[in-house]
Every structure is written in C-alpha cells, then in structure tokens.
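Think of it as A, B and C in the order they're written, each chain with its own count starting at 1.
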Amino acid sequence: MPSPPDSTSRDVSADVELIDVTKRFGSVTAVDHVALQIERGSFYSLLGPSGCGKTTTLRMIAGFEQPTSGEILIAGVPVAGVPPYRRNVNTVFQHYALFPHMDVARNVGYGLRQVGVTRDEEQRRVGEALDLVRLSGYDRRRTWELSGGQQQRVALARALVNRPTVLLLDEPLGALDLKLRKEMQLELKGLQQELGITFVYVTHDQDEALTMSDVIVVMRDGRVQQQGSPEALYERPVNRFVAGFIGQSNTIAGRLSGLDLDGGMASVETPTGLVLNGRITDHGARPSIGDEAIVAIRPERLEIAPGTPSPTAGWTSVAGRIHQETYLGDQTEYRLATDLGQLVARRAHHGHAETTTVRSGESISVRWPDDANLVLVA
Amino acid sequence: MVRSGARRWRSRIATALLLLPAATWYALLLLVPLVILVVFSFGGRAPEGGYLPDFTFANYLELPTRATAFVNALWMALGGTVLCLLVGFPLAYYLATRAGSQRTLLLVLVVVPFWTSFLIRTYAWLTILGNNGIPSLLEDLGFGHIVLLNTPFAVLLGIVYNYLPLMVFPLYVSLERLDKRLLEASKDLGAGRWATFRQVTLPLSSAGVLSGVILVFIPIMGEYIIPALLGGGKVFFIGNALVDLFLQSRNWPFGSAAAIVLILVILTAVTIYLRVGSRGSGSREVSLL
Amino acid sequence: MEPVHFQKLYDDFRLGRIDRRTFLKASGLGLAAAVIAACTPGSSAKPTEAAGGGEPTAADWSPPSGVDLGKTLYITTWPNYHNPRTIEIFTELTGVAVELNPLGSNEEMLAKLLIGGTGWDVLVPTNYTFETYGSKGLLEPLNMSMLPHLDTSRYDQKLLANAEYPAGSKTLFGFNKDWGTTGFTYNKKHVTKPMATWKDFFDLAQTDYSGKVVIHDYQLTSIGNALVYHGYSFNSVDEAELAKAEELLLAVKPHLFAITSDYQPPMRAEDAWVAMTWTNDGAQLHADIPDIEYVIGSDGGEIWSDFYAVVAGTAHREAAYAFLDFMAVPKVQAFDATFHKAPLVDSAGIALQSEEVRSNKITYPDASSLTKLEFGTAELLTNQARADLWARFKSA
C-alpha cells in the first residue's frame, strides 16, 4: 500500500485521524469541519443528540459515506475512495444486522470466509470469538431465537473475529433494557481493555459515554463542541450545551464584571446585582468585560440549610424555599425557588440513619463555594 | 360450558357460511371441470365432433403424437422464465434500491402496458417485428434481410414482454423488504458487491424469485395467444394444440387427455422446483408458500 | 387515452366495426400506427361508390310494422365481411343494436354450437355445413312469410340448393349472402415465376419463395388444395390420398411464413408474398395493392357460398328475420358488396352493382376458370381423419 509523502510526519499512534472533514447531503451539512485524532487502543465515544453528525462521522470512517471535503486516515493511511470491504475496520450496527438466513456460527464466520481462511481456521476462530462473548455452544442456533443481549454479543463476535484495527459501534446498546445495558457497558469496556483494540463508540446517552470512555467527543449540529476525558468534560464544560448535556447544571445568566485572563478567573454580575466569582472553563476564550456569560453550578455542589443565609467569604449564599423534593434512592433531589430563579440541589444519603432536616415549603438558605462556579463565556 | 359450546358452534357455522361462496366457486369452476376433463379423457369422439361415452386409453396412447407441442411449450416456458428473471432481477433491484423519488413513476411505467388488452399488446409486436418494422430498420443499417416474425425468437420476445411484470413485482417486493443494513454489514465484513449479492441479496430474495418463477412459468406453459400471433402457427405450444383439438377438430376426449397431461406436467415441474427451491435457500419465507 | 376508451376502440376493431388502420391510428398505438401509415397501402375498408347503388334508405326497406324487434341482435360471421355502414343503417332503421362476432372457421362455429348456450341469433355458415346443422337441429328452417323481400327465383338455384335440408327437400335453412373461390394471391413485385396451379403454389413455396408463403389455418382448404396438388379431389377422404397430402404439407411446413387465416396483414406488409386466399380477401387486397394478383388454381380447388341463417331457438327471432329480410334487398346487397367485394348471387343485386365491379375478374371470374372447382362436401366438416391429420400437422 503506498504511503502518503507526509505520513511519517503524522502521529502514527493515532489509529484514526480526521482532518477537517465535512460531509454535506444536498443542502444539509451533517458534519462540519471536524478534526479528530483517535489514539490507538483507546475507547473513544462520539456523544451528542440525534442529528448531531456522530453517526455520519462513524459511517465515513467505516467507508459507507465519503467526506465532501477533508481527509480520513486509518493507521496513518488516507482511505479516500477505499470501499468498506477493503478497510480493516468493522462495525457493530445499531440493530445488529445479523444475517437471518445463517446460524450463529455462519454469521460470526462471515468475514473470515470473505478472506478465504481454511474451514478449520474459521471454525477455531469462530469458537474463540464466541468464547470471548460468552456464547459457546450457540453455534448452530438461529439468530432470531436469541435474546437481544445474545444477538448483541453475536454482532460483537462477528466484528471482532476479523481482528480489526478499529471497531466501530453505532449505538449498539440502544435496543436493550436498562439493566442489560448496564451489564453490557461493563462487558464492552472489559473486552476493549482485554483486546487493546481501538473502539469508536457512538451514543446519545451521556451515562454510557461517561462509564466507558477514555475520551468523549461532544458533537452538536455537525460540529465538535468539546473533547476530553469524562472528568475534564464534567468538571470543565466549555459551553452551556456541554454543561447541559453532560450531567445536570444550574445555570445563572449575567455579564462579565471582572476578568483575570492570566489566572483564568472571572466575575459575573447577575441582573439582580449578585456577583459570582469562578473559573473560566474555556482556556482558549478571550472575552471582554460586559460580555454575556453563564455561570454553571453542579447540583451536588449546592448546600442547603434551614434558616436565612449568612454571607461567608469564598461562598455565595441566597435565600429560598424548597419547592419540591424527590427521593431517588441513593440521593434526594430538591427543587428550590430562590432569588436567582429555580435551582436544583442534590444530596447524597450517607447511611441508613440519616435524617432529613429540611422539608417542602420550608425557608432555607442555599450556598456553594466559588470553586463550584463554572464561568461559560460561549 | 353449555354457553361456550353453543358459541363455538355458532362461530363454526359463521366460518362455514363465510367460506361457502369461495368453496362453491372452487367446486363449480375447478373441481367439476376437472372431473369432466378426466371422464372425457377416457371417452371417444362423436362423429360430428364432441364427446361419446366410452372407456378407452386410446387418447392417452395417442399423446406421443403431441410430444413436440409439449416439448416446445416446456422449453419456451423454461427459456422465457430464465429470461424474465435475467431481465427482471436488475430492474426490480434498481426499483427497490436505487430509484428513489422516481420509484413510483417507474413502477407505474412497468404496469402501464397492463392497462391495454393482452391481445392488443401482442398484436402491436406483429407490426413491429414484421417486414416494415425492425427488420427493415436492420436492413437499412446493413444487417441484411432478417426474418423476426413467426420465429421462436418472436415468441420468446412476446413472452418476456408480456410476463415481465409478473416477475418484477414479487422480486421487487422481496428486494424492497430486504434490510439494506444487511448489505452494509456484509460489505463491512469484507464482502465485495458480487460476494454480497451472492451471499446475502440472492438468498434473502429467494422467496420473490420463487414466486416470480412460478407466476411466470405456469401461464407460459399454457400459453397459446403469443405463439399463435407471433409464431404464425409454426411455433406450436400444447396450448395451441388444445385450442385446435377443442375448437377445430372437436376431438374433446383427446383434448381432455392432453389437458390432463399438461396439468400433470405443470404440477410436476412446480413440485420439483419447490423442493429444490426450499432446500437451496434456508429462508423462512419459502416454507410459507 | 383512457383504458375504457381504448377498450371500446379495440372492441370496435375486433368486431369488424372499424378497420385495422383506423383502429391503430385512433388508439395511438404509436410505432405500430406509424409503421402502418408509412409502409402499408390503405386497407380496402373504404366503400367505393357504386353506380345505381348508394346507401339504402327507408325507401328501400322498412321494418315490419307492429312488430317488436327488441334491442339487440348477435351475428356470428367472418372477419372483414360486412360493411360497417350497412349495419349502422339497419340499426338506424330498426333501433336494433348489432353485435358482430367474427370467427376463424366453420369448425369453430360448429364446435361452439355443439357446446350450446351461444346466445347467437344469425349465422353466416358455408355451403357444406347445412347437412350437419340440419341433422343436429342447430338452425331453424326459414319462415318465408317473415322474409317479404327475399325472392329466391332470382338466385342461382345450384348455389341456393346447398341450404336445403334434407338435400332436395326444398326446405331452406338459409339464403346466399355471396359466393367465391379459394385460390391464392401473390405479389408481383417479388413473385416473378409463373404461378397458375396448386402445384406451382406448393412447389415454389419450398424453393424460390421459401419463408414467404402463407396457408390457411383451416384443414378444409389447406388439405383440400394439397390433395389437388397430387391430382386428387379437393374433397377426398381416402386414407392413402390423405397420407400423400399430409406428406406434402409436412414437407412444406418449414418453408412457410405462417399458418394463419388472417393473411391480409402479412400480405400488405410484404412479410408474405404468396397466400392461400378467398375471393373477397383477394379482391380487397388487389383493390388496395394492384401488385397483388388473385389466382384460381387451374388444376382445381374450392368454390363456395356463404349464407344467412337463423340459429334454432334464437332469443331475438323478430330482429333476426328483419335483418335477413334487410339483407335480401338487392340495393342493400350491392351496397354491402362495395366493402366485402365477394360476388353476389341475387341477379337483382348484381344488376345494381357498378360496371366496374361486374367486370372485375377477381370478383366475377370467367365461368371457364371455375370448371375444375368443387364444392366442399358436408363430410369434410366432420371427417375425423382430416381433423386428426390437421391437428397432427400443426403440432408436428
């Protein structure tokens, strides 16, 4: 296979690389100038609501779609014009796409037969793959006799048996019920770590992405909003969309009233005159005084106490009332009516003996430390 | 208990009543004629033609004299079916997968010829294939003098032309129903276009192929208008022999014997085909036929 | 075009109400119509003006007064055999709508009559059918009191006698519509060898004009003329003679363009150069395409006559007789013949035909050319050996 002249200068530790890739369907831009570097051996998730371009991105890597502009490299080699069946990449499809006219073993061995491995080798590797997904002994079963989870495993085995450079997974757990989904998430993560294959995983479920991924790419309207580790995305969402999509946030709108760009700090004044100090999450941003900004605070950072607020340095306190209380098992969620509007607080239960000290309708004070203030300037 | 028993009886009576028209229809128009055919086939010919009660195997013993007509029909039916399949499959595939917004229009175009009488459509070919039609065009283009009309070619052409939609529609339905994601899965797993067609598209559309083949093969076996018009009485099917036996020479008993054997030939061919078809493809749909 | 409209046109065409060309044009059968228009000389469906003739009117014939004729009449006849205008005039004068049902052969007519339940009222059978139809009671003897315009004294008695049953009984089951011969046509443009006999016909069919010859899809004429080839009687049912005829037909078969009684289209399109032909078709073809000549085999062949007859048990007896009486009017016969071009039998009808028609040697050949011709016998219609021979020949 010919190497592109500049391939040596590329980071060959990236299994998949997208360089400024755009995909248009007629007048609709599905993927808009996307650049990605997917590290070898990583679990990489494309996360976003439906229509954000994540599936189209995946299909371009698989070869089912060709980019309108830009370039895709797999293992450092450009793949423009290479059909799916010549890419060392395999896909686990959303609805499994198992062949109904073949039994489990023939489904799993399909890819091996295309490259002409011997019958013995096919049988051996199919056996191994079925072992891997814990479906030994299901060889001769018809695929439609299997449960959803079992079909999912067959689809996985059918893709993995070909030892692909990259495994693409297109919302593979979407059709399963919650409990099975949780189990499969762990199983998938375990498999990925065991095999060391690069997984590119498309999902709209943030929990799923947070649970499994090494890197999450949040997409919206065809554009990458932010990419990074689950922690980084949760702790430092760069904009309101990411903050809202990954985990829950209270958002308070205002204008920038103080800036320390070198220290990455800012003050935001709300229309009611309250000033909130916090960290600017987007290091690249260069905002000015007076710009609109949003302060996001995670619900678990809010502390609730009966009585009226007492100002404390390094903390923000506001008065309010408990509007609604929802018991969630391991934690309780409170909806609070405050001077800043409705806020959501969450309090984890520590042990069975805990007693709730606040009640619905009760006047309370809400407070949080300044380091809980995430200043979003975009 | 008593009540549910009564209800069961009522429901049985209702079922029987609802099936009665269909049952009467089949009895009167299928079974009774079939019985008459069997009875006639052992009879003799009346002096002025028709049927004379008798019991003889003479009609069956004389059947070898019509072997050519049987063989002609059989070969043409096989050839016509294969041609319809070869022409119809790509068309159905295109309609089911590629046609996009044109699909409805194209489907209608496939049916349009069916809006006119079968006879008229075939009659039109008489002029097109005649001396002043395509042959004169070919002659002008320097292909020499070519006779098309009243040849097996003309009959085959008429057959494919008239029966193509009967092949295309079942194929279209099965291809349209085919999950396109399976084709992507196949390509994803390293199978090229042809390999995907052979291993996925074809086996999964086998039910459509099967019904198309049967829908086309059976009527061609019994065809007589196309060979009469485009074969000029020279390309002779068993259907033409039957028309002659009943309407010209009025040898009803011999005609009945020939008709019975035709029915048996078709039944045998269909049975063999169904056996082979259901064994060849593992598809579930086959067993529904 | 609306399918319904098309179907109507097609029915008109099939039933002989309009000719092929009008049909193809009106129906817009694109290529077919274009090809026909460009390449085919006009069909003879346009009646030529007849001196002393012209369209019959109420002055020439009016329906019997005080009789309810009903609404419809079903006539079973042959293709291209009635002037559509004649039928229209009958409908105008009586209010009776006529359905024409053209068949392919007398054998088909007999087969369907034997099955029964045809619903037919009037037939146009050929001379050799009366014995079978009479003995089977398929026709009713003519009620002369219902045919005031029929004067059989003007008819050639030899031709008329064919309709008697039993033969010689003077009980008529029909009266002559017209008569004719079974010869052959050839196109001078392509046929240069002299063709005068059935021997020429079958010999040249296997050699010079191989692939260009049509014979009837009708055992009676095709076997009959093959018998004449060997010098036997047109009417032979002799086993050995039939075997010789079969041998000849089988030898000729691979050389034929077609075995069909619908030979006008291939002759017009020059797909065929030679065709076994009935007088009326020969006259129609020659009128449109002068290169097409009609020949009566000098070695023999068939002379025939077709009749108007009433089907036994007709549901429309009054209308059937009204139609027969209408067709017995000499002026109506002369007018009708401008279309079908077969010779008439009624001397008064002939007298009204134009000089051009009366001197037409195809329609009215010299008596000397008819001497060797034979009327088909009743036996031919029902003979099993002939029927079997023909079925064998076709499926060979």
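In the analysis below, a contact is a pair of C-beta atoms (placed from the backbone, for glycine too) under 8 Å apart; a residue touches a chain by one contact, two chains touch by 3 or more.
What you see is a predicted model, and the numbers here were worked out from it, not measured in a lab.
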Practice task
Leave out subunit A only, then trace which of the remaining chains are still linked through touching and list those groups.
Solution key: one piece
Exercise for the section: Please indicate which chain is farthest from subunit C, where distance is taken between mean Cα coordinates of the chains. Expected result: A
Handout entry: Pair of chains joined by the greatest number of C-beta pairs in contact
Key = B-C
Handout entry: By mean Cα position, the chain sitting nearest the middle
Key = B
Exercise for the section: Starting from the mean Cα coordinates of subunit A and subunit C, work out the distance between those two points in Å. Expected result: 89
Completion exercise
Taking each chain's centre as the mean of its CA atoms, subunit B sits from subunit C at a distance in Å of 36
Problem - Centre distance in Å when subunit A and subunit B are each reduced to the mean of their C-alpha atoms - result: 57
Handout entry: Residues on subunit A engaged by subunit B in the complex (per definition of touch)
Key = 62-64, 83-86, 89-91, 93, 95, 97-102, 110-111, 114-115, 158-159, 162
Exercise for the section: Could you please specify the touching residues of subunit B with respect to subunit C in the complex? Expected result: 45, 47-50, 65-66, 68-69, 115-117, 119-120, 123-124, 126-128, 130-133, 136, 147, 149-150, 228, 232-234, 236, 238, 240-241, 244-251
Handout entry: Residue numbers on subunit C that touch subunit B, as the complex places them
Key = 3, 6-7, 10, 14, 24, 27, 29, 31-32, 35-36, 38-40, 105, 107-108, 110-112, 114, 132, 136, 211, 214, 217, 219, 253, 256-260, 265-266, 269-271, 381-382, 384, 387-388, 390-392, 394-396
Problem - Complex interface listing, subunit B residues touching subunit A - result: 179, 181-182, 184-192, 195, 199-200, 203-204, 281-284
